[in-house]
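Down below are the structures I want you to see.
Here come two complexes built around chain A, the first alongside chain B, the second alongside chain C.
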Partner chain A sequence: MRAAQRTAELSNLQFSLLLALPVLVFLLLVVAYPLGYALWMSLHEISFFGGYKAVFVGVEHFADVIGDRKFKKSLWVTVRFTLESVALAMVAGLLIALVLNRKMRFAGLVRTIVILPWCISLYGTGVIFSYLAKGQTGIGTAIAYALGIEEAVNVVNKQWVIEVLAVGNAWNMAPLVAFFLLANLKTIPSRLYDLAAIDRMSRLETFLNVTLPPLRFTLFVFTCITTVLSMKLFDFIFVLSGGGPGTASATLTYRIYKESFKDLDLGYGAAMSFMLLALILGTTLILYGLWGRREARSI
Partner chain B sequence: MSRIQIDRLHKTFHRHVAVRDLDLTIENGELLVLLGPSGCGKTTTLNCIAGLETPTSGRVLFDDEDVTAASPHQRNIAMVFQSSLLYPHMTARQNIRTSLAKQKLDRAETDRRISEASSILGIEALLDKLPSQLSGGERQRVATAKAIVRQPTAFLLDEPLAALDAALRLTLRAELVNLQKRLGTTMIVVTHDQVEAMTMGDRIAVMNDGRLEQIGTPDEIYNRPATLFVAGFVGSPPMNLIEGEIVTQDGRTRFVSRDLTFEPKLAAGDAGPATLGIRPQHLHIHAEGRNGAVPVTVFAVEHLGRESVVILEDGGRNKLHALVEPGFAGRVGDRLHAAPDPTHCLLFDRAGSVLSHAAAE
Partner chain C sequence: MKLRVTAMAVTGALMLMSGAALAEGGLEAQSGETVFFRGWQYKTDIVQDNVDRYNNEQGGNVDYATVTGDYPAIMEQNLMAGAELDVLYANPSQAGRYFDGGWIMPAEALPNIDAIKADMYPNILDAWSYKGQLLGLSYFVSTRGVMHVNLKKYYELGYSDADFPADWDALYDQLYEMRDKGLDQPFLPHWINEWYGISWAFDFEVMNRGGQVAHPDTHEPLLTTDADGAAYKTLEDWKRIWNDGLVPEEVLTYNESSYIDAYASGRYVFSPQQLYDLETFNREDRSQIAGHASLLPYQGQSWGLLDSAVYLMTSRERSDGHTDDVKRFASWYGYQDQTGNVFVGNRWMQESMLFSGYKSVMESEAAAERMKSALAREQDIQAVLGVYAATPYPKGIWSVVWAEEFNSWLKETLQEFVQDDGDIVETIEAINEEIADLNKKYGL
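The block that comes next holds the complex of A and B.
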């Protein structure tokens, strides 16, 4: 009788699988299906003119992508944009968090204002920054006028457009970073600063020994998050620079969009998007291997 | 090594007074114990000495030099914080080492000091653990080691033994006193354990409600308490306190309570409500009633091995403690009589100040 009862019960694994079933089905539909479809496309030459046709070409697209000069240029643009965005967002986020952690009046109001950039959609951020950066309406021009220079300053040029994009992107992401860091800062017992004073630590030593350690894991996590977000960023770039001038700000996402939906080479675009996926996975894995593993162990 | 003077120190937190008008001098090389109930301002006083809090008013002097405005850096204090504070991401050894970072010692000397301090506190085996891997008592010992590796102006120890078991406490108490005497460095130890205070301190400063109640040697604090608070706070089992009144009649002054009349040697003019204090060892138990004895019933008997404590209840349901021989045969409910030894009685006036030191005469 006991044995009969036992067989009627589910094992822990079965039970958890049962509970997870709806999610698994959902994930299958929204992740696996598109991913599989994209893989299928990347292995085919798809044409629309003269009727829809899909011809199997094997890994030819992948080989082409690797040899594509425009792809290499876009890869470099993405890397440069990502490095700048992440560095700016993390440093700005840390500084904002340190400032917000100070005792001040109207702290709640200040926090509300500071988080606002994060609440603005990337599309909106793109519009704002294009007004701020372009010659006719930009702050560059305003400053030049104030200094008596009668010439419009357009920073959305071949030389600086990536920096403009990185600043806008960081402006959008930094508040989120700041808030997570602030949450960590709030957990530091104030008596630890007293201990540092008794140990006669300098301000820098205090920062390194008291303030920084509890932030390190969050810093790692957000370096990963902002890296991924920057690499796959599209709408903001689309609105602000449209990949230009020329192809000066054509990141991988922009190029994938152009290949797939403007030039309608869906197979080639799909192959390129797998390259982007590999880049994102590779970067985060390297980050984890070099940095994250150590931080995860220390918490 | 320093003489520390606290001159009319006053500290308020948003109108809440933590320390009021505290005057205190700690002599060079002295071990002073700050004793008082929770919340009486002990930690605040230490923080002001260390420079971690700025006094609302008053001064702190080291060797007659005003350091009130000096930073902790300039004061060179070693401190054990009440919560056995350590840097969470550093091992015990690294924590101890940070104390020496500013002392410009060579590696060998640093290591020697660390191993000496850890052997005093018995934490050699724990040196490579993180604070989160240590028990409360172990953390506290590491924090103490972190303080004693230094050669500071003064040691400030805020309840350094509170989290330890009784046996370890006993050993470390002696170790700390021995170390302090060997180094001759001024030390202030905070505790609310009065046994610790009595055994460790050259002098004890008893604080209550932000005020200094009395400062003196353990003997003075115990035998000649200046206030009712000190009398009640120091000593275990606590001193018996009997409420009554001082009346002057026919030129004679007497203390009269519900069940007791007692004639102290007092100057006239002290008439009014008063409290009689008598230590448990000076409350004698008799089977028969007699003059100057309170009729009592036995409430409980506690055997401590070397002696026993009888808790008695008088007619007003007040509890009285008496120390008796271990062979005491009384049972709960027995009716007995308790007679205070008149030569050891203390009298306190309504405000709590002592009126007589019968014991001292």
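The block that comes next holds the complex of A and C.
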């Protein structure tokens, strides 16, 4: 009798799946349909001129993408931009969190000011950094003029445009990283710092042995989040550099936009977007394998 | 003279006839449906005011809004999706593609089309016609790439009007002379980061030098790789002035307004700019070279290309009554109002010195007066008209379905060519190959 009763009960997993069912159905509709449609497009040559036509071409688009010189260049631009963005956002976020964790006057006001960049849309961030970085209106030119140098300083050029983009992207993301790290920092008992002082630990040793360990999982999570956000970033890049000069800042998202919406090659653009999806999934899996799994175990 | 009078009389009669025909149907909106009117951002307050006048006087229900960002791509998506869009701005190079997509209704559908055509300059009519049909009504006509000259700086360097370069070769030679006289960057090229930037700069320089990028009818690639060819000489000079630092590197990042501001700052002597921006550069409140902004006259070689825009009507699904209202508004806005005046065209001439495709606007006393007031010198009127009359139109690469795709590809290719010190022959061959591929793609 007892055994029969036990089997009628839902397990924890079953219960949680039941609770998640509406969300799963919603996701299926919102995510699966567009994803499926994109897959269908990637396997077809779609034409709008002389009447709408969709001709099945199999994996031809995928093969073409792999051999495409522009795709390879955009892949490298994306990787470089992502690495720089993530490194800057994480370091800046950590530093901001450490500063905000200190006792200070007007802490609430400071925190409000610090979070502001995150509240600005990526379009707005693009406009701001465009003004700041271009020679005609930029901060470099203003400083140069103040120093008596009558030459515009333009950093939206082939050499530095990726760095400009990475700084702008990090400026936008770092406050979010900082606030989550700050929340973590607030949970560290102050007695641990007292014990570190008794042990005569240096500032660096205290940071490495007391402060950093509880932050490591959050750092991993936000490294993943900022990586994904950077890889799929478009509007900021479109506004600031338009993928240029030339193709110097043409990331994969920009290339997909160009193929799909300027050249109207929807099938090819869709195939390229699956490459980007694979890159995002692959990167996060590698991050998890190398770092996340270890951090998850240590919680 | 007799012939001219007769032609004018015929034109006038046609206009009167069409006016009467329109009066029967009237320009007043009838259906009560909203007519969605979209365009790029240029003096939007004036456009809104024009639309308000139509709505107030003709009972219209026109909804006007602007589109920011990559205009051709955004409009194409809207047209393809059958979005709420009835009348829109477009360049002729986009119009042909939209027509082939089946997304627009040619201006031929207007009841007063004969009068409209009769009032249009033949070369403009030809530029705006695609597959034998006039696609849109006149928004503006201009010469983009006309060579502006900052007279103040030019005279300071010891030159006079007699030294004005007659062609591109002479211009580049003079840039080097100017550098020797101590002006490091005398030239602001049209290599801006707009979709019509560096690619159009190449198109017009090749045409100005007597070349053609593609055949006007067959669209076959026509660029040659010989050292005397127009494309070769263009790219060779671009490499030279870029590598020698005669142009500011940041021009590659400019948008239109940055480009205008940079030239208005007075730092440069020459810059290929929009013809109507002579008015901007001669305005005290807008420019530091006001009163000194002039242009190089036509001396046997053209400058720039024919840049124009039209008002198009979409062919999206609508009721007949709604479509008639779209035609009424398009006709009122793109040609004559209820009094027979080309109201919007004349207003643009007065506000911004925008040229029109209509003779009735361009040959009016008011237009002549407006041009005089916008120019630095009396004699510049002749220079403006001379350059304008000689302006070529790149039919081979614009009146074709792949125009925008090619333009976008060319922009990237040329920006890379300049920055990477690209190979001239390889670049020309790549351009020809791209055109051939596009022809193949669209079965041309």
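We adopt the following convention: the second predicted complex is superposed on the first by the 278 of 299 C-alpha atoms of A that agree within 3 Å, B and C clash if a C-alpha of one lies under 4 Å from a C-alpha of the other, contacts with A are read in each partner's own complex, and residues count from 1 in each chain.
Criterion: contacts are C-beta pairs under 8 Å (C-beta built on N, C-alpha and C of every residue); 3 or more make two chains touch, one makes a residue touch a chain.
No experiment lies behind these values; they were computed from the predicted model shown.
Enquirer: Given the superposition on chain A, are chain B and chain C in a clash or a fit?
Expert: Superposition check on chain A shows chain B and chain C fit without a clash.
Enquirer: One more residue to check, A:V156. First (chain B), second (chain C), both or neither?
Expert: In the superposed model, A:V156 contacts chain C only, not chain B.
Enquirer: Pick one for A:A248: touches chain B only (first), chain C only (second), both, or neither.
Expert: After superposition on chain A, A:A248 lies in contact with chain C alone.
Enquirer: Of chain B and chain C, which one touches more residues of chain A?
Expert: Counting residues of chain A touched by each partner, the higher count goes to C.
Enquirer: Answer with first, second, both or neither: which of chain B and chain C does A:F106 touch in the superposed model?
Expert: A:F106 contacts neither chain B nor chain C.
Enquirer: Given Cα centres, how many degrees, to the nearest 10, is the angle at chain A formed with chain B and chain C?
Expert: Value: 150 degrees, nearest 10.
Enquirer: Considering only touches as defined above, state whether A:P189 meets chain B (first), chain C (second), both or neither.
Expert: In the superposed model, A:P189 contacts chain B only, not chain C.
Enquirer: If you take every C-alpha pair with one atom in chain B and one in chain C, what is the shortest distance in Å after superposing?
Expert: Least C-alpha distance: 51 Å.
Enquirer: Does any part of chain A touch chain B in one structure and chain C in the other, and if so which residues?
Expert: In chain A, no position sits in both the chain B and chain C interfaces.
Enquirer: Which part of chain C faces chain A closely enough to touch in the complex?
Expert: Residue list for chain C touching chain A: 69-70, 72-73, 76-77, 80, 97, 100-102, 193, 248-250, 252-254, 258, 261-262, 401, 404-405, 408-409, 412, 415-416, 418-420, 442-443.
Enquirer: Which chain A residues qualify as touching chain B in the complex?
Expert: Touch list, chain A to chain B: 189, 191-192, 194-195, 197-201, 209-210, 213-214, 298.
Enquirer: Give the list of chain B residues in touch with chain A in this complex.
Expert: Within the complex, chain B contacts chain A at residues 47, 50-52, 71-73, 76-79, 81, 83, 85-90, 98-99, 101-102.
Enquirer: Over in the complex, which chain A residues touch chain C? Could you list them?
Expert: Where chain A meets chain C, its residues are 48-51, 134-137, 152, 154, 156-158, 238, 241-248, 250, 258, 261-264.
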